[in-house]
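Structure below; questions to follow.
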Amino acid sequence: MKNKSSTHKRSLGVKYTNSRDLFETGKLSYEWAVRMMKIITKITEKYQRAKPLANFKLGFCLHITKETSVLIMAAKALGAEISICSANPLSVQIDVMEFLRYNEINVFAKKDPSKVEFFESIIHLAKSKPHIITDDGAELHSIVHKRKIKDILGGTEQTTSGIFRILSLESKTGLNYPIIDVNNAKTKHFFDNRYGTGQSTIYGLMKTLGILIAGKIFVVCGYGWVGKGISSCLRGLGARVTITEVDPIKALEAHIDGFDVQRLKDTLPKGDCFITCTGQRDIITKYDFDLLKNGAFLANAGHFDVEIDVAYLYTQDKHPVQPRPYVESFIIKGKKINLIAKGRVINLVGGEGNPSEVMDLSFSNQLLSILYITKNYKNLEKKLHQVPNQIDEKVAQVALSSFGIKIDNLTREQVDYHNKAYVNY
Amino acid sequence: MKNKSSTHKRSLGVKYTNSRDLFETGKLSYEWAVRMMKIITKITEKYQRAKPLANFKLGFCLHITKETSVLIMAAKALGAEISICSANPLSVQIDVMEFLRYNEINVFAKKDPSKVEFFESIIHLAKSKPHIITDDGAELHSIVHKRKIKDILGGTEQTTSGIFRILSLESKTGLNYPIIDVNNAKTKHFFDNRYGTGQSTIYGLMKTLGILIAGKIFVVCGYGWVGKGISSCLRGLGARVTITEVDPIKALEAHIDGFDVQRLKDTLPKGDCFITCTGQRDIITKYDFDLLKNGAFLANAGHFDVEIDVAYLYTQDKHPVQPRPYVESFIIKGKKINLIAKGRVINLVGGEGNPSEVMDLSFSNQLLSILYITKNYKNLEKKLHQVPNQIDEKVAQVALSSFGIKIDNLTREQVDYHNKAYVNY
Amino acid sequence: MKNKSSTHKRSLGVKYTNSRDLFETGKLSYEWAVRMMKIITKITEKYQRAKPLANFKLGFCLHITKETSVLIMAAKALGAEISICSANPLSVQIDVMEFLRYNEINVFAKKDPSKVEFFESIIHLAKSKPHIITDDGAELHSIVHKRKIKDILGGTEQTTSGIFRILSLESKTGLNYPIIDVNNAKTKHFFDNRYGTGQSTIYGLMKTLGILIAGKIFVVCGYGWVGKGISSCLRGLGARVTITEVDPIKALEAHIDGFDVQRLKDTLPKGDCFITCTGQRDIITKYDFDLLKNGAFLANAGHFDVEIDVAYLYTQDKHPVQPRPYVESFIIKGKKINLIAKGRVINLVGGEGNPSEVMDLSFSNQLLSILYITKNYKNLEKKLHQVPNQIDEKVAQVALSSFGIKIDNLTREQVDYHNKAYVNY
Amino acid sequence: MKNKSSTHKRSLGVKYTNSRDLFETGKLSYEWAVRMMKIITKITEKYQRAKPLANFKLGFCLHITKETSVLIMAAKALGAEISICSANPLSVQIDVMEFLRYNEINVFAKKDPSKVEFFESIIHLAKSKPHIITDDGAELHSIVHKRKIKDILGGTEQTTSGIFRILSLESKTGLNYPIIDVNNAKTKHFFDNRYGTGQSTIYGLMKTLGILIAGKIFVVCGYGWVGKGISSCLRGLGARVTITEVDPIKALEAHIDGFDVQRLKDTLPKGDCFITCTGQRDIITKYDFDLLKNGAFLANAGHFDVEIDVAYLYTQDKHPVQPRPYVESFIIKGKKINLIAKGRVINLVGGEGNPSEVMDLSFSNQLLSILYITKNYKNLEKKLHQVPNQIDEKVAQVALSSFGIKIDNLTREQVDYHNKAYVNY
């Protein structure tokens, strides 16, 4: 394996004449992110003396960003030996990569890899035999199962789509080690989806279109947590928001929250801008484009680019004009339809994704889940586990204290009252 | 039964010289409520030809209000034979009672009953052998279990505290028939707690205090659904809101929702008005009153009057002044502390409780749950059941259509997509 | 004068067997209002030693409410000799009247006066020869001009409609003394119209209708300060708000504030509740009622009851049902139209009008304007004057300090910078 | 003049090997802006047949942006002969410049001019003897006055600072022609300051800092229109906002709007991010930096960079780190202070300034004011004039109609009612 790895490193190796500069930039990015990520920093401070991760090899398959570097450096401070590969061929920030390499992290990644190179990196990491695997999208989990890599004690996964793949794996072949569903932590999905994606979607709209939000009619398709976050931000900036939904309970909630609720087709001639965030396919389809207002904007904030039928647009106008970066204007039956970022998730396009503060919540759950595995792997069943509630609460507690916020505690009498709960009233 | 009933009527009977007037007033109230309660009205229209409740005797133990009369008349229109008693000695609206009597409902209630009379009414109803019992607080359920009344096919319960009693009953002696926990319907607790209680608490404050909300500092103790509703309404009217919590995850949520989060004791010298809605006891205690600002207002929006230590206030100032209805001003160490409604739930005090539209959601769940029992009682285990999800969705669907709102439906491809769920991505 | 006054008292005099009780109630109301009216209380504290109003006879023609009693007692504390009559036959609170009498204020008023008695009271007050007149609606100003009462040094007026009458008087015959237009103070009309009327209109709606605000469609006719206040409160409680306007600039402002802007006729079939606040006549007319949704609610928040064509409604349904206090349901072409408070200003109906805190701002302007007249009447032209800006700012300053708020001051360099103003840049 | 001009063109002339590409990009930008600027487009459509600007030479001194190109092309469509120079050496977008040149506009500008070249361009334009001058900052107005250029019929100016210069000019030497103060149009300053700057400041913060807005404490210094816009947007995104003010009336307004109002020095240890928008100097000074929280962010949204004492920061830390573009981190007494954009106006930095829709309002006022001058210059006094109210209303009307919004009109009876105004009530 050693040979392979070194071969691998060579094959991925890039001589940066300016690798020192890259390191410096990466270091600045890391330091900035550290200041924004107060929760994981507090957790690190608490545990770094005890080195609870000493003697553990950790394998991370994540987007290589400044926030990830904070998680990696935290795990290192707790004593771990660490390898990392990229969860996505496009998401490697090479300055961060360089910063991690200088800090003796095994980085199996390069800028702009070919598809083959990308998968090779993940396989390399899998073969390096990590004890614990932290994944984003379950690619690494899939590969270690397919290749029957042994001696893995446990793992974590932080995306909805990754969890689906793990559930499928579990139902088909069973899992070889326990995996903790970090995505399910309240302090993760709750804040990430609502606040993080809400704000970053608005930012993506402002950046790509430069339009005034106030006074415009936005149609938000889907009133899950992401839709709620986006709608709330838009209203806060003076927009008028219409919601489309298929779930009557969510539709009713949107209605009583003061939004206009309609069928998509009824909104088509009125909306200035459409944002899909349903997690479903075929939201705005070939039957809908004709009914749009001339000059309408279309954006997707869902994870996959299946919500708007982009392929159809290209059949109707093969050479759309690009009036601004990330915007294509299609002419369909004499009307202009402006598509943002080819229907890919808008808050990542050309932006920085979620704010560091939101990643802080997710990665704090990751770090505490890794610690939890190191202590409990012997007793954990080989299946998908919820994040233990005490981890979720711990993250919230540290978050509050890092913001300087103190809260109340239950008295003994109150705990009793809660437990007896009215029964004797 | 006829004899008993007539005896009963005599024993509780009151000769109103003006019973015709009362009936007319009750009829107007009923008609007003019908117009506000579009969901249950639509459900009634749908089923009234088929008379699915014919041959069923229903027993209701509810607050006798105009909204209740809509539920009762709906059940009657569906063919049921109906008896009703009051769930609370203080909540009988006699005009509504008279209206129901004229419509041949067996009403076991009177205005201002003694405690003995109050319980007698419930016992009378129990003895009338209803097939299905609809309760608010589980008093009737308790009595039919204690007295071992037979032949009950099923029941429903709509309050949190009633559910606790039923759970206690279930764990001690088992249930004699299946009971549906209507309180747990999303379309009930969700809208009721957040929107209903939010608005009616604000109304109670305006009514009892007459103060300007804008610019004042409100401290809301508890950030559950009720606390969220109240805080959102207050902010919407220009108040500054501080939240106190014991649950770090809720505290974090309040923080990111833009509220100031503090320990109660830190808020005491600053708050203009305190509203408790924790469902806990001992929120504002004898140790806290001294630290309040001179002239502070105290109100409780929780179900029980245990959140503010009212008893202590009376030990410190035995004869508080009553500057306004429902307000008492205590002088404690030279400072004025204004207590609203003796610390009892503010939105019911001197008000009309929840708006009819909110009761419409709850009672539609009740009616559909009753129908569900008539069809499924043979197969239902004798235990507490969740409201079936299809009832919850049905209520939401009818609600939307009664507001003239249309929503989208999943296509077959979308259903497939959801089921396969990314697995093959 | 003494004789006359005592005669007057006899003629208006009512023997309350319980005048002591009335006094006690009035005293409680006064004391409550004092606590809410911190600005005028602070001003009183500042000046009461110097007694700047000693040797001045003040005549007030105001609504006799608890807030007015605070103004009156403040003027008394500053040394004035005071007479008061009621500005409206319906607005006398007799407990407050009794409280004032016990405090040696000459009260020319009685409960439920006939029209003749009402005007007689004002004439009595006019004849008592006050030095300074404080009016609400300019009735007293009109009478002293008509009757050519001499020796008046100056006056104030606080309503828009009163100002119109004074302007008319000024243009026709000239004024006999300087009058200060307190209505025009920024700290008066600004807060009063926007926050005071906004909140109290919402309160009036909740009280008379008992409806859930969230999710309903409200049509607010007019986007002046009152319309802005109402719209903002409604949105804050979860309503959807549509604005109608005739002024394109205000319409544009409403649009960019995120409201739906339409012609009235386009809103008729959609609105759940209409609120007129234009200051104009004929907003909802006989041509409009037919187009309303069955069950629509109509309310007026404008000063006069000319905005909704109420008279026409009575021609179509002579005996409307009264399902709730202050609500009449007219049947017009088979549809129910619910009119609130006969189209009179909703926030006063059955309510307490503006919160004390808002009256505090207005009455502080009144008191400081009276003081201003005592010092400057010799130099003031006999015409209508704006409230001097230093009074406006003084009120704001005392308001802030009474709320415990400190603000910054300009440095000398900043004053210079402002004066030179960029000229040399 | 011809020679000079051609010389000038030569001296400024740049051979772009890719001028065709620049033109194409400029054209796309122009076309995008046209679609966003519906008001000026409607006005152009209305007048372009009549060519009311034929025979007029117009001189524009503006930022050369895509929005400006829309104004220029509109004036051209109305028949004018046009010259343009840049109002700021840094604000020339060369693709737009190239697009204008291809459309036969005389462009006196080049990319990155020296200071001398910059002023030369303006002088060249002045010497080209325009009939009407449209200015941004009054540089061109100053120069034509200083150089006593003759035959100018009138002019316009759209910035606050430009107006100050013109007032100074007027008071010292008098004006040689009438100038219309476009800045004063309600449809300009109102929307521009509140909505435009509000949104673009938030965008600038998100872009430069990448921070989560929700839950953070922002201190907004100044509660004028800009401060109101920023505060409202921040609150809409979940931030907690504290206001500092020197004007007690504005401070009171902020308080009743629900914001926390404090002295700057009391906010220093608590604020996460400070935004100055006072139009004053010395808001955050050397005495304040020490008191800031470690890691605080400082930004300025005021026109000039005099609100934060940036110079002092450089004396304390000569080599601040640049962790992100446009951000400098100063270490002062062990604490990090993050300054954005060197204290220059944040919404222009690295952004696109105000959204096109906001410029549309301003430039529509410009275009209609130019038309107004062509018709009325003979009768206009040689002084600064307000924008005529009918222009302001016209812009609002066209804006509404371009958004598809219809509003009501006053009836004859209503006009009468307004005129008689209550006098006879």
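Should a chain be cited, it is by its letter among A, B, C and D, assigned in written order, with residues numbered from 1 in that chain.
Following the convention adopted for this analysis, contacts are C-beta pairs under 8 Å (C-beta built on N, C-alpha and C of every residue); 3 or more make two chains touch, one makes a residue touch a chain.
Worth saying up front: this structure is predicted, and the values here are computed from it rather than measured.
Ranked by separation of Cα centres from chain C, the top chain is A. Matching CA atoms, the turn from chain A to chain C amounts to 180°, rounded to the nearest 5.
One inter-chain figure worth recording: chain A and chain C are separated by 55 Å, centre to centre, where each centre is the mean of the chain's CA atoms. Here the CA centre of chain A is 40 Å from the CA centre of chain B.
Counting partner chains per residue, chain C has residues 195, 214-215, 235, 238, 255-256, 403 touching two or more of them.
Note for the complex: chain B touches chain C at residues 28-29, 31-32, 35-36, 195-196, 199, 202-203, 206-207, 210-215, 232-233, 235-238, 295, 321-324, 336, 352, 355-358, 403.
The touching residues of chain C, when paired with chain A in their complex, are 214-215, 235, 238-240, 255-260.
Chain contact summary for the complex, chain C toward chain D: residues 160-161, 164-165, 167-168, 186-187, 190-191, 195, 244-249, 251-253, 255-256, 261-264, 266, 280-282, 304, 306, 392-393, 396-397, 399-400, 403, 405-411, 413-414, 417-418, 421-423, 425.
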